[in-house]
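As written, the chain order gives the labels A, B, C, D, E, F, G and H, with residue 1 at the start of each chain.
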C-alpha cells in the first residue's frame, strides 16, 4: 500500500464507503513499507550524494557490468571494492572512463564530479608501505564521499621521528584514519599527538603471529590512548565511510 | 634546555661568546622536550576543560584520595572509573560531595559545573538491562566531557519493534553509542536506521560461547552496516570519550 | 498512537474535521507501535500460555520478588533461571508456594496448572550425571511450556549398551534434547538411532581441554549424524524452549 | 544370521536336533544385525522416501557415477552435495537428466517425482546475496525431502525494513532456515518476529575477523531471542535435513 | 529377557507351546541387553579386579560415603579422584581405614590387598616438583590397578643431565608416564631414550602463555620423537589407567 | 673415540705408555658418543628390524632416491610417508619394486620380507571412508613394523549398529587404532566395548568448525571412556608406531 | 663413578687386576654423570655468584623457610619470586633481615653484598604504572645478579614526548627491559630509539581483549623494529635473568 | 631546515639580522628532523656498517632491482629476505655478482667485504633439517652484520645424544640462536647446557596441531630454562639481527 492507496482509503472513509472499523483493520495489518517510507526503498546512499558501493568479491565481471549499467542510468557515482584485476580489465572495456586502482583493487566510475561535503580534511596514515593498499581503499572511499583527503605513508613507530616531523599535518586533519599491520601500535601514538578522532584500521600485513591482522586489531582495541575506535581487518572502505560520517558532523 | 636557556644561548652567539659551531652542536643534541612544548608537560585534558580521569582498578582508596586532593586544588572535575564500592565508601568520607554510581562503578567529583561544549545530543543505547553498567560509564564520561546525553535501554534485536518505536529518538542524536553483549547485533541494526556515526561497545554480558564479550566484539567488527566503529569490551569510558571528540567536530 | 486514537483520527477524517492530507501526514510519521501491534507491547509468551521467564543472574532477590509480585497479579506462571540458592531462599519466604530446584538453579511459581499443549513427549537425555543440572533446566522449561517430559540420564557413549537398551524410550519421543559435556558424542549416536529432531546441548562438564564446554559444542556442530541442531553451552532453557516450539508443530 | 537362519535354528530346537543349550549359545553370541534389524542394513533414508545423499567432496567423478548407477537401479532420488563443477560436467554426460546447481554445487537426480510429505512451508532466508549458495543447498535438500520451500534473500539487518516488509511471508512458514555470514545477526531478529523454530546457518561469508564463519556461528549461539538452534558453518544440507524432520512433526 | 527367560522360550518352542513364528517375533524385538550380556550390566572394572573409580568433583561428602558403603559391601577396592580435602575429612570419619593423598586429592579404600597383575614396572616421571600432584594421581591409579609403580620426579629438560643419570631406571620400565607443564618437552626427550611406550600427561603448571596446560599439551602432540601418546591436561587418572591396560598386554 | 680407540687407550695404560692422569683427562673430556653407545650412531629402528622411515614432505624426488639407494645397501626395509604422487612416480622409475599407496601417500620398499614380531593383531578402525588415508598410513606403518594388521572402515557412531555387529573383530584385537574426523566420537565408543588400549587419531576430515581436525582431537582428549590416548591430527604414522611398541609388550 | 673411582679403575687396568675387556664394559655402561661433570650436580647459579632462585608459588611458608635455612648455610644470596604477602610475613619472622617487596611479590635475603659483575647499566622501562610490579621483579632479579639497574616508569606511547624526553637515559643503558600491557607498543618505539638489545616483557595489565597479556605479547612478537626479543607474560624474572646474561657478554 | 640552514640562522643572529626572539620562534617550531638528527634521515644500519635490508615479499623484481641500484651507488652491502626464486633469477640478471640462497630465500649483494665486528662466535642450531631455511636466514643476517657464524643442524631432542656430543661447540659460542618447529623443545635443553643467551626461533615446521609454528612458539615462551628469549615464528632475520646486537656488547 503506497501513499496513493492510503489516500484512496482515507477518501473512502470520508465518503463513508469504508467503515472506520474496516479502515482500522486495513491500517493495522498493512505492510510497514507501504506507509511510504521511501527511504527504505531507496538506498540511503542514493539520497545523499554518496557513491553507490559494489562489493566486487564473488561477483563476475558480467554481473558487475550489468549493475554498473543500471546505476549509470541513475546518474550515480560508483565505487567497486575488492575487485580482482582480471575483472577490472573486462569492466573497463565496457566502461572506458572508469578508473581502476590496482593496489587497492578499487574501481571508480564517476557520472558527475564529486561534490565536496566534508567539513575538513581527512588524513590517511600508514605504518608501512605494505599497508598502502588498505589505506588507498579508505582514501578513495572518503574522496568519493565528498571529502578532501591527504595521506601520510610509512611513518611507523620503529622510527618515531618520521611521525613527529609530520606533526603539523597530523594536527591539520579533522578526522584521521590510521592503518597498520604487525604490532598495530601507530594509532595509539597518533591519538596521543592529536585531539581529533582516530579511526584505526588493522591490516593483514605481517607473518607468523600477526595472524592475518588479528594482532594489530587486538593492539588497537587495547590502545592506551583515548580517542581511538576500530574497524575490521583490512576494512579500508569501512574506515573511509565512517570517517566521512564524522566529517559531516 | 628550556626557552630561557635557548635565549641565553642565542644571546651568547650574538655576543660572539659562543661560536656558531658550538651553538650548532648544542642545538643538534638538545632534548626534544626542552624546546618548550609545554603542551607535553600538561595533560591535554587539563587544558580543554575535560575532566581528569583516574583508573580506579589497582589503586587503593588511600591513593585515590590523595590524587583527588591534588586535583581538587587545581579546580579540576574528576572522573574515577572501575572503582569498587568498598573503596568508594572510604573515598566518600573524605569527599562527601563526590557521587558514586554503583552500577557502573564510577565516582565523579565536580569542582565546578560541567560546561556544555558538545554540539548535539549523544544517545547511549543498550540491547539489554544487563548492559546498563557499561552504558552508564559511557554516559557519565560523555556528560562530564560536556555533552547532553540521553539513554535508550533494553531495545535489543529479539524484539525489534521496541527499537523501531524509538526511531525519532535515534534520529535526533548527533552521535550514538550502542552497547550490547551476547550476539552483539544491535549496532548493525541501529546503524541501518540512522545516518550518524555509531560507536559500538561490546559488553561481557552472556555465558558459554559469549566468551566474556568476544562474540559481541567480533559481531560488531563484522557489521554488515556501514558507519560502525568499535571499542574494547566493556570500555564504556572509551566510547564516551570517543563520542565526545566526535561531538566537538 | 493507539487503536483508539487511530479510530478517532479516522472519525475526524470522516467528519471532515481533518483533511486527507493532514491524516496522511500523521499516518506516515506515526510510530510503528502506535498502529496497535499490541503483540509488541505484550511479550509473546504472555499471549500463548507460555510461562514468563526471568533471568535470575545479576538480579537481586528483592528485584526478583518485586517482578514476581507484578506477574502474579497477571495470573502468569513464572520460571526463574540461573538463580543462586541464597536468593531462592529469600524469594521463597515471600512466595512459599514457589518451588526451587537446587541442581538446576531454577525456581518455578505456578498461578495455575500448566496446560498441556505439546503434541508428543519430549525426552531429555544426558551422557553423565554431572550433565543433569543443565538437563533439568531444559526439562522444567519444557514442562512449564506445556509438554509431557521424560528423562533418560547417564547413558553416555562409553557404555553404549546402556543407551541401546533404552531404544524404545528413545523412539517414543517426538522431540529429543541431548545434553553432554566432555567429548559431546551422545547427540550423534542418538540421532543415528531415531528419526526425530535432536537438540544438542553442550555442557561445561569436564576439565582441561574441555574448555568449559567448547569441545562438546564443537563436536555437536560436527555431528556425522543428520538431524542435530545445537544451542549455546549450558543453555538448558534454550533447548527446552526450542523443543517446545517443535512439539507444537 | 538372518531371519531365515533363525527360523531354521528354532525348527531344529523344536525337532530336537539342536539342544536348548546349543541354541542358547548361538543366540547369545549372534551378531546384533543378524536379528533382522533391516533398518541397519538399509539406510534410514531409503525406507522413508528421503533422497539418497552423496557427499561429493573427496570422491572422483568416476566414483560418483558408479554410485549413481547403483542407486538408480534401486529407484532412489539422489542428492549430491559439495560437487565441483568439473566433476558435475563429467557426471552429467553419464546422467544427462541430472541437474546441477552451480551456485550451491549441488547435483540432483530424480528417478521419480518428489512426493510432498512436509506439513507446511519451509522458508529459507538469507542476510545477503553471498549467502545464497548455502541457502540454495538447504532449499534443494528440503525440496528433495518432500517439502514446499520458499526463499527470501538479501534481507539483512542493516536495512531492517526490507525484512519487516516481508513479515507475512515470515509468518506463513512452518519452519524457517536463516543463513547469514559476517555478524550473523539475522536469526535473532527473525526469531523475534515469528513463533516458529528458526534454524540458523552461519556462512563463511566475510573477511578478516569473520574467521570463515566463526563469528556468525558464535553470534547465532548467543542469540538473545529464544527459538533458535544452530548447525555447522556452511552446512546448508544439515539445515535442510533438520528442517525436514521438523516439518514432518 | 535374561538367559533363563531365553531358555524358557526355547523350551516352549521345543515343547510346541510356542510356535516358531511367535518365538521369532519375540527374539527379533527383544532388547539387546536381555540377551544376557551381563558384561553390560556389571561394570567392566568389577570383573577384572580393577578398583571402582569415583569422580569426586561435584559430589557431596555424603553422596560419596553412601556410594562407598555400597561398594564396600561388594568387596571392591575403591579409588576416589579429585576430592577436596574438606570432603575427605568427613569421609574418613566414616571410613577410618581409607587413605587420603592431599597432594593428588585422591582417596583410596582397600577392602582387600591389591593383586599384582601388571607384567612389568610402570615408571611415573615428572619435569618439575609442581607436576607431582598429577603424577601421584597416575601412580596411585596404576598401583590400585595392580601394577608395580616407581617414580622419578623433577628431571626436566633444563638440566638434562639429571635425566640422563637415571637412564637405567628409565630403561627398566615397561611403560612410562611422563607429566610436564610449561613447555612440555620432557616426553619427547624420554621417548628418545627408551624403546617403551611413553604416555604424556600435560599439566596445568605454568603461567601466562602456558594457558593452563594447553602449551604443554600441544608440545606433546607435536613430539618429534615416535612412541608418544597423549591424554587430557592434568589427567593423571587416565594416564594411570591407560598404562595399566598396556602393562597387561 | 670408538671402542677400538678406547681399547687402544686402555692397552697403552696397561703398557705404561700413557699415564693414568693422561688417560683420565682423555676419558673425562671424550665426546659422549665415543664411548661406543652405538645405539646413538645407529638409529634405533635399524637395530630392531623396524623399517627406516623417511618423511617425504619437503624432500625432492632426487633426494629421496639418493637416501633410498644408501638404505638399500644396508638391507633396510623402508617406509616413505607424506609423499606426493608426482614424486612417487619418479622414485618408482629408480625403484620399480617399491610400492606406492596413493590414498595414504605412502611408499614402501622391501629389501627383505617383514618379520612378524608383534604379539597380537592390530586393528585399524575408521569412522568414515574419508578417514581411510590416515588409517592406511597407520596400517602400513604397523605392517612394516612386523604386526598382523586388520582393518574395519566406515563404522562411525551415526550408525552405531555397524560397529556393534563387528564386536568380535574388535575384541580379537590386541591393540586398536581408531581414526575419526568431524566430532571424533568413535574412539570413546570403541574403548567402551573393548578392554584393550585404543590409540585415537583425529583426522582433518570435515569443514567449518571441524577446524582441520582440532574438534576431533579435542573430543578424543576428553573421552569419557578410559583407555584412550591420542596422537596428533592425521598422524597415522605415529599411531602405527605407537601401536607397534604396544604390540611388542 | 666419579674421578676417583675412574682413576682406581685405570690403576687396576695398569696393574693387570682388571682386563681391558672388563674395563671397556664398565666404561661403556657407566652413568653419564659419573664421568665427573660436577657442573651438572651443582646448579649453575651456585658456581657463578648468581643468587639462588625459589619459585614461591605453590610452596608453603614452612617449606620456603626450610629451603632458606639450607641455602643460608651455603652462604647464598636468595631471591624468592611470586610470594604472597601472607607467606612473606611468616618468613620474615624467621628471617628478619630478609626484605619483601610487596608490589612485585619478591623476597630477597642477602648473606653477603651483591658483587657487581654486569658491564653496564640495565634500564627497566614501563609503559604505565600498573606494569611496575613486573618491572620491579625484573629489576630486583638483575640487581641480585650483580647489575647496576635504573628504571624509567610510565612512559607509554600515548604520550610519546614523555619517552622522547628521556632519550639520554635510554641511550645510556647497555641492555633494556621494556614492560608493557594493553597494546604492548612501547618496546617497538624504544628499539627504534636505541642501538641496544630490548627485552620485551608483556604484562597482564588490561581488560577485555587484552586477554591477560596475550595482546601485548603478540604485539611485541610482531614488532616492526629490529632488536627486540620477548619473554613470557609477566615474566619479570626471566627478563632480568636474560638481561644479566647479556650484560656479562 | 638542515644543518646549513641552521648555521645560516645562527649567522644571521650573530650579525643582528635576525632578532633573538625571531630565532627562538623559528627554532621552537622547526620540524624535529630539521635539527640535523642525521640518524633519522639515514637509516641506523647505514651508519654502522650493517647491511641494508630489503623485505622481498610484496615487491616486484623490478622494484627490488631499482632499490639495489640506488644502494649500490652508496656502497652498501645489501640483504634481501623472503625473495621468491623467480624474482631472484631476474634480479641476478641485473646483478650477476649477487648471491641467492634458495633454501632461505635470501639474496645478498656485497659491494665490499663484510668487516667482522662481532666479539665472538654466533652459533645457529636447529632441531631438524626442515628448520634449516629459517636458520640459514638467521646465519646469513648475522654474517652480513659482521659476525663469525657457525651452525649445528639436526640435533633435536628426540636423539638427545646428538646434541650432547656437540657440547664443546655449544660452549664455544658467545650467542646462540636455536630454531625448532613441532614441539619447540630444543632451546630449553640448549639453555640448560650453556651460560650464554639463547635466542629461540619457532619455525612453522610441522602439521596438525603445530598450528604453523604457534606450538613451538608457546613452548619456547614457557621454557623451564632461564636465559631464553623468543622472536616471531620463522623470523630468522630478527634472530640474526638481535644476536648481532648482543655480539657487539
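Quick notes
What we mean here is this: a contact is a pair of C-beta atoms (placed from the backbone, for glycine too) under 8 Å apart; a residue touches a chain by one contact, two chains touch by 3 or more.
If you're wondering where the values come from, they're calculated on a predicted model, not measured in any experiment.
The pair with more inter-chain C-beta contacts, choosing from G-H and B-G, is G-H. Repeated interface: A-H and one of D-E, B-D or B-G share more than half of their contact pairs by residue number, and that pair is B-G.
Spacing of chain B relative to chain H, judged by their CA centroids, is 40 angstrom. Centre-to-centre spacing of chain A and chain G amounts to 50 Å, using the average Cα coordinate of each chain.
Separating the centre of chain C from that of chain D, both taken as means of CA atoms, is a distance of 26 Å. Chain geometry summary: the mean Cα position of chain D and that of chain G are 59 Å apart. Residue positions of chain H touching 2 or more other chains, listed in rising order: 32, 37, 159, 164, 208-210, 214, 217, 221-222, 226, 232. Pairwise chain contacts present here: A-B, A-C, A-D, A-G, A-H, B-C, B-D, B-G, B-H, C-D, C-E, C-F, D-E, D-F, E-F, E-G, E-H, F-G, F-H, G-H [touch as defined]. Residue ranges on chain C touching chain A, taken from their complex, read 3, 6-7, 10-11, 13-14, 16, 20, 23-24, 27-28, 32, 35-37. Residues 44, 48, 119-120, 174-175, 195-197, 199, 217, 221-222, 226-233, 237-238, 241-242, 245-247, 249 of chain G are the ones that touch chain H when the two sit in their complex.
Within the complex formed with chain E, the chain C residues making contact are 130, 159, 161-162, 164-165, 167-168, 207-210. Within the complex formed with chain C, the chain F residues making contact are 127-128, 156-160, 164, 182-185, 188-189, 191-193, 206, 208-211, 214-216, 218-226. By the touch criterion stated above, chain B contacts chain G in their complex at residues 31-34, 37, 40, 43, 55, 57-58, 202, 204, 212-214, 217, 232-235.
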